[in-house]
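Next come two complexes, and both contain chain A; in the first it sits with chain B, in the second with chain C.
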Partner chain A sequence: MDKPVTGTKKVFMTGNETVAWAALAAGADIMFGYPITPQNEIMHYWTRLGTKYGRDFLQTEDEISAGFTVCGAIIAGKKAFTATAGPGNTLMQEPFSMAEAMRLPTVAIIQQRGGPSSGTVIYSQQEVTLTTYGGNGEGHRIVYSTATHQEIYDYTIKAFNNAWKYRFPTFVLGDGYQAKMREPLEIYDPEARNIEMVIPSPLVGLPGRIGIEREPQHLCNIYSLEDELYEVVLQLQAEYDRMAPELEEYQCRECDDAEILVVSHGVVSRSADDAVRFLRAQGIKAGAFRPITLRPFPGRALREILQTGVKKMLIVESAYGQLARLLQQEIYGENVPVETLLMPGVGIIDADIISKVKSLIH
Partner chain B sequence: MAVNRALELLRSSKKVTLVDLDFVEPFYTLRGLKPFLQEQGLTVIAWGREDSFGLGETGSLVTPPARWAMWRSGDIILDVGYGAHGAASLNLVEGALESEELKVWAVINTARPMTSTVGDIVDYVQGLQRVDGLINNSHLGDLTTIEFVAEGLLIVRKAAKILNLPVIYTAVEKRLEPELPVADLGPSPVKVISRYMPAARW
Partner chain C sequence: MRLVRVVLAGEGGQGVQSAAEIMAEAAYEEGKQTIYIPNFGLEQRGGVSIAFLQVGDRRIGAPKFNKADVVAALSQRAMARTRIYSGPDTIFMYDSSFEVTEEDLPTQYNMILDIPAVEKSKELNTRVFNVIIMGAVLELTAMIPVEATRNALEKKLGYKFEKNPELREMNYRAMEVGRALVRNRLKGGEMVCASTT
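Take a look at the complex of A and B:
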């Protein structure tokens, strides 16, 4: 069967369409999903495109089921994924927690919408807490927050690879604006860029006699005793901590001599970049720091930047403090004053950030 | 494309109505542009911020003026656009499918992977209920070059031939207008367009 993408091709499309192409290029076998705006077109495009390339789709009865069927397909050795938003993300926390417990390489694309509850169908950054630390576990997840369609493509491919390599549930966190807007990007065959895709294999029914030729494969999410669970969670934490430095990613703009550091993530960081360019042109020493991985959070890098003369930090997000809380727990002990620009559920443009920065320095 | 066509018609006609028939995402399209377009003299039938505030997801429905838009006098542009159902939503407009005056033009961008090859365009257009002509709107947003537009035209022309449809025109962004004299766009008409949607942010 033909490859869905060969070589490199310049295209112009929506973020949702980009996810479908990236999942195809990454070799995803099957998507499970339940409709919810603003991610619906991921399913629409996947169902149109997937059939052309021998991939499968199942619409389940709800999001709980979509999450668990992803888990089941992965256990059977399939590269499976889902996509959801808002209340759907809330429902999927139970299967995502099971994936944490069983170390299942689930991949989920989250196109954030407004909350709480059904909120708006449009946009927000209010699913940061839910995606990074949702469920009744310790947040042993990988979460990429994308800012451009190119990143949606790149990080969806990366999400499949790192989920299977590290065996932690992995998320690509977009939003309704990214889902719906169109912009140019390059789509490519990962192999053409020397990206070796991990080949999935079944997690059960392995060859060899148990106890003689191999250890038993015990995918467990419930334990009889407190101290059994305690041991398991400590081991999970140790493996997560060991993996974290290999995964942490961030971007800096003009951080070297920044006196005021704007911290944002996802699509808002595009406004932050524009604001910093404008402020620098006016002689204001502004810089922008953007965590690309929200889990594991690049706290070490941020601490180092704060040592270079930052006098104030401004956290900007389309939520009421979800990034701020994440960041403050990661840099606990640093004494750089933190200011915030919190606009839950609405877009933030460069002018909003510029006027806030100016109000802080005058 | 619909906005450009409506403004173009406005220059030669006193009465032009632009109808937003995007029922999938009615809040993403003309909402931000509506006041500007009305100031230009267009009659705009589209959800505005003030119309939809408080309606939640029940705001995603056809407005009575859109349903009866074909009964209006003057020129009428129906922007069917975005969404899984595409031109199928025309069946919600009274008299649209029966109208002899209505022309249905499919706007093709070869930078969209689903309409990037001759075969894909043919499949796509054949999946629409009725199409009377193709418009080549091949572009990459800010990264568009005149060469990309010309390459797109070659593909659209081949698809049009198989479909037995005319290529109505090629759209070229105003920024690229100075390059038109040296561009190889053949004999088909060219229309220079402005990009209005970047200003549609609300």
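Take a look at the complex of A and C:
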């Protein structure tokens, strides 16, 4: 069958459409989903595009089921994914927890909407805590927070590859703005760019007689003894810690001699970049740090930057401190005062950040 | 070019989102940086529909903005809903047929401009009302060449034009009408124009 994307092509589309193209290019076999705004069009585009290239789709009865069917398809050796938002993300934490326990490479696209509860269907960054540390586990997940449509494309492909390579549930954390806006990007065939595409394989029903030719395959999410579970979780943590340095990603703008460091993630980092450019033009030594991976958090890199003369840090997010909490636990012990600009559920523009920075230095 | 920010707002079905999408598509084809985002809420129909459009040369930051260069209100309700997007540099445009009260108008503006687009659309075809507005916005902002917008129209509506070539002419004419309405208004000196309050 023809490849869905050959070479490189410039396009102008919504973030949701971008996800569908990226999942196709990444070789996803099947999507399971349940409708919720603002991710609906991922399903719409996937059903329209995927069927042309022999891919499958199943709409389940709810998000719990969508999450578990993704787990099932993965156990059967299929690159499976889902997409959700808000209350749907809440419901999916149970299957995502099972994926953590069984090391299933689930891929989920989260288009954050306002909360708590149904909140708004529009936009927020209020699903950071849920996506990084949701479920009754230790947050053994990979979470990419994208800022542009190009990144939605790049990181959706990367999410499939790293999920299958490292065997941790992997998330692309977008938001309603990114879902619904149109902007230019390049879509491409990842293999033509020498991106190694991980080939999926079944986790059960393996060849060879159990106990004679191979060890039995245990995909376990419950244990009889607390000591057994203890061993398993410590093992998970050790593997997560080992993998973390290979996965941590971040971006810096004018961090080198920054005295005030603006920290934000996702779509808000676009405004932070503009704000820093503006402040620098006025002679204010501002810089911007942006974690791309929220799990594992690039705490080491941030600590290094903080030691280069940063006098104040300003955490900016469309939530009431979810990034701030994530960040502060990572840099515990650093001596830089932390200020915040917290605007839960609403967009943040460069002017908001500029006036906050100015209020801090005067 | 510097960054141009436009808010289009109207009733569902007036073609606000289509007009914004066509302009965004045209800007993209011209090699501009552009972002278009609709406002979207719970209403499937019946609410005021708003489109946020930005066109520039540099990578654009936030998808939404506080103050626009041009606000075009296609319905009376849309005026009250969008006056907050008008700042000291904004051209706030609406239709001459609206019965405007003070609450409908912004407190900050560079120019308040009314054009008889509804009336003109009745002469052409009310379905191209949004294209008249599009022509007016293009005349006010000069952010995209007319030719590029025609191509974008072709891309979006080409399949309809194939069946009925008169539609193509009607759309082209509507765009020209919109441009002329603004040109005449700016020459006419009848418009309400005041310095920033």
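For this structure, a couple of remarks:
Quick note on the criterion: the second predicted complex is superposed on the first by the 362 of 362 C-alpha atoms of A that agree within 3 Å, B and C clash if a C-alpha of one lies under 4 Å from a C-alpha of the other, contacts with A are read in each partner's own complex, and residues count from 1 in each chain.
One rule holds for everything that comes next: a contact is a pair of C-beta atoms (placed from the backbone, for glycine too) under 8 Å apart; a residue touches a chain by one contact, two chains touch by 3 or more.
From a predicted model like this one, the values you see are computed outputs, not experimental measurements.
Annotation for the three-chain superposition on chain A: chain B and chain C clash. In the superposed model, A:239 lies in contact with neither chain B nor chain C. Within the superposed three-chain model, A:351 lies in touch with chain C and out of touch with chain B [touch as defined at top]. Of the two partner chains placed by the overlay, only chain B lies in contact with A:44; chain C stays clear of it. By the document's definition of touching, both partners, chain B and chain C, reach A:184. Contacts of A:12 after superposition: both chain B and chain C are touched.
When the shared chain is aligned, chain B comes close enough to touch A:21, but chain C does not.
Contacts of A:334 after superposition on the shared chain: neither chain B nor chain C is touched. Of the two partner chains placed by superposition, only chain C is touched by A:274; chain B is not. When the two complexes are laid over each other on chain A, chain A has residues 12, 37, 121-122, 180, 182-184, 347, 349 in contact with both chain B and chain C.
Residues of chain A that touch chain C in their complex: 12, 37-38, 120-122, 176-178, 180-184, 267-268, 270-271, 273-274, 347-351.
Chain contact summary for the complex, chain B toward chain A: residues 25, 27-28, 56-57, 84, 109, 111-114, 116, 139-143, 148, 201. Across the complex, chain B is touched by residues 9-13, 17, 21, 37, 41, 44-45, 48-49, 118, 121-122, 180, 182-184, 187, 347, 349 of chain A.
Residues of chain C that touch chain A in their complex: 21, 24-25, 28, 33-42, 60-66.
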